[in-house]
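Here it is, the structure in full.
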């Protein structure tokens, strides 16, 4: 059964230095507030997993929380590069960052395999590309057809963190709109934290909703606005201007560090 | 794009003797009317695929439409055996029936693999049981852990047939309630027929709905009551008394044949 | 209220073993009765998962099929069958799974496939369904099976589901639990006896030194059980 | 209305190649512009599939991200990302996929991973994302890419996506199509020339004997295009 905790408590209880942590959200419901709490609690040596690392991963990397990134597309959508990610990869600042790089299909299959308690997922793909020599992908032979396919090792993060619109008082979670790989992330992870926009008396069934029963979640934290500057369908829109502004903020190490001090480290979270 | 056809036209155009045909429905939305049309059009030598063959498969088998059954549980739920299935297996009446037997998990993984255009699905299972010596399951080794798992060959039926509550005039389909493996069945099959309770002007989004866009369906047929005696969530209830009555109807070859003549063969379908 | 049927005793004995909050994978028939009875008596937080894809179903009446519409209407979530078997059962999220069978051996292995030879069977049974994976996917398997020599056999005609995780077998005569790798009679129901259980077992049944007598169904249990059945 | 930008010419040239009813896998930026333009002009039945899981999205304005809320609101169906890549893309249900890249070679192979050495890169690019599977999962790949020597290279720094299914490359200067296994200039835009395209290509560019001049955007096309952009 999920415990209702503050975000600070949840991160303190469930995330340890050196953990493999997946904060997922595919363009929607990105758990920014939870990422900021990891930064404030100065977690180190994390292996960060995410299909589409964007601003909050740039922040975690720039603040030195990560030693490794497992990903398939790392950019500022519609804007350009992630400068902190690039600085870590190209110049080792503030610490070197190891990359394990996949395609989206490979990442999705790895999460799905993890959720299904399988050691690997199978995809058509990777063949003929330079990816296999730089990532954890192997060949598997179909025992019926003899055909060769790509196998990706299952993702089994220590901690999965997602943001949702609602939870009820028992800790059952509901999210809707673009659902990404959030269900798989929670189910594949040994522990899970869900931040939500609000706690409600009862979850009303909705078209396209994903429900995570309380008994597959460890901690639920009420963090209104916890996905900003990304969006929460039905609650608030994406702050597109901030995505554009991040390009300038993050380009320079000092500007970045100052911004983080002022906007993340100084913030006291309930 | 799906064509709006009569059921007779759809079966005539899309189902051939010798085809592999999956009429799916997991306790709900079982495409009885479509099965009856297969019987009326006297299809022969079919390989019938279904996780839970029940009354309509008993009828198809008893009427001599099938040469093989691929399945995981073949019974009259809550009542007992399928007498026509047993008669075909135990005594070869009216024609011998070859069995390819799986577990539910294996069948579900085989459909999912087919829908994903993979040649096989992977499951933990079958190990230590007598199933592997009587079915199409092989071993596959995880290239990361060295662990052994079971591989099932993908289901790729020639024709997938399901029943849904609604389609719109463009042939987009929506079903809700217990959704079973219907999406996978349609996506895994080379051709597909969907019978529906009604054609509506527009599909209203609903909690838990599965939508099949018109461009993945070949034929949509308006057949109100097409799932009876099973049920259509929101339309009609399961006819539990008929399931009980079927036991007596089907126990005897002559009683069965007479019932089919009167209730299925004589029926003229629009 | 003191009179009750053997089926009622079985359902009550099985229900008592479900702790509050247990996540149960449930089939139709006695397992569904037992799990719903537990929810209405000592384990209101027991979570019912039906293989049709309904998670957290809270039926008011006993469902007649695992795909009963009421299960979907009262569930916390309804998922597809591939997801149910992949993410939920194989995912290792289920505490207890109930199984029945036509035959069981002393190791808890089960046959629900065929009586006689596979290729020319005496009785073709419905088949394994979800049982093979329930047997290996849940933490604890509870078997519910009427005691008879043709069911409790020395040698299965077919091994459908492995017995490794069978923790208890509840019959109409008593309760068997694995002791030292073999199913052992650990309790008899009040209307039965060790001798009767031995007679109804096709192998030389081990009996625990401390064999108990099951408490008969309480009035509360019987009222709850009959209320469930009346509603259905 | 006769003046237009190079990007507008690219979007129009790409849009024209989409037939009505085509199912397109669309990314943000020019591909999304081209596909939405096609829907508003000659191909109203064009189906837009975004990798975020939205199938049959009908946005009124150009989405700023592939996860834009309007895509979900106007879609026929929203599916999970694993389902999108498994059942829909790998499932072989998509006719046309658009790709961009930092580098392309004469075989249509694409690099969107890294400039320079992988382990000590000059420029670390965002990476492949969905591109590797789009390149092998759709029937026809359309590449949209601005023409420049640093992009049209003799040798890729990294092969992210294979070029087997690339049917057309639309640039700001013209159109390339595979002829005899090699990308060949088959059209130049009105404001450009064969010479300019050759200059902007890092290999010795083949030019078709029957090289065409693209029709400039029509007034209808430009109006529709600008209406889309104004709405965004």
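We call the chains A, B, C and D, going by the order they appear; numbering starts again at 1 in every chain.
Operating definition for what follows: a residue touches a chain if its C-beta (ideal position, glycine included) is under 8 Å from a C-beta of that chain, and two chains touch if they have at least 3 such contacts.
Please read all numbers here as calculations on a predicted model, not as lab measurements.
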Problem set entry | More contacts between chains, B-D or A-D | A-D
Exercise. Distance-wise, how many Å sit between the C-alpha centres of subunit A and subunit D, to the nearest whole number?
Worked result: 28
Seminar exercise, completed: Averaging C-alpha coordinates per chain, one finds the centres of subunit A and subunit C separated by a number of Å equal to 40
Problem set entry | Of all residues in subunit B, the ones touching two or more other chains | 112, 117-118, 123-124, 183-184, 208
Exercise. What are the residues of subunit C that contact at least two other chains?
Worked result: 86, 90
Exercise. Draw the chains as dots and join the ones that touch; what shape do you get: line, ring, star, complete or other?
Worked result: other
Problem set entry | Pairwise chain contacts under the document criterion | A-B, A-C, A-D, B-C, B-D
Exercise. If you look only at subunit C, which of its residues touch subunit B in the complex?
Worked result: 28-29, 51-54, 64-69, 71-72, 78, 80-82, 84-86, 89-90, 113, 118, 120-133, 136-137, 158-162, 164
For this session: Name, in rising order, each residue of subunit D that touches subunit B in their complex.
Result: 21, 23, 47, 55-56, 76-77, 86-87, 90-93
For this session: Mind listing the subunit A positions that touch subunit D in their complex?
Result: 26-28, 51-52, 71-75, 77-78, 81-82, 85-86, 89-90, 101-105, 108-109, 111-112, 123-131, 134, 177-181, 183-184, 208, 210, 231, 233, 237-238, 240
Problem set entry | Residues of subunit B defined as touching subunit A within the complex | 117-120, 122-124, 136, 138-140, 142-145, 147, 149, 151, 153, 205-209
Exercise. Across the complex, what residues on subunit A touch subunit C?
Worked result: 1, 112, 115-118, 172, 183-184, 187, 203, 211, 213, 215-216
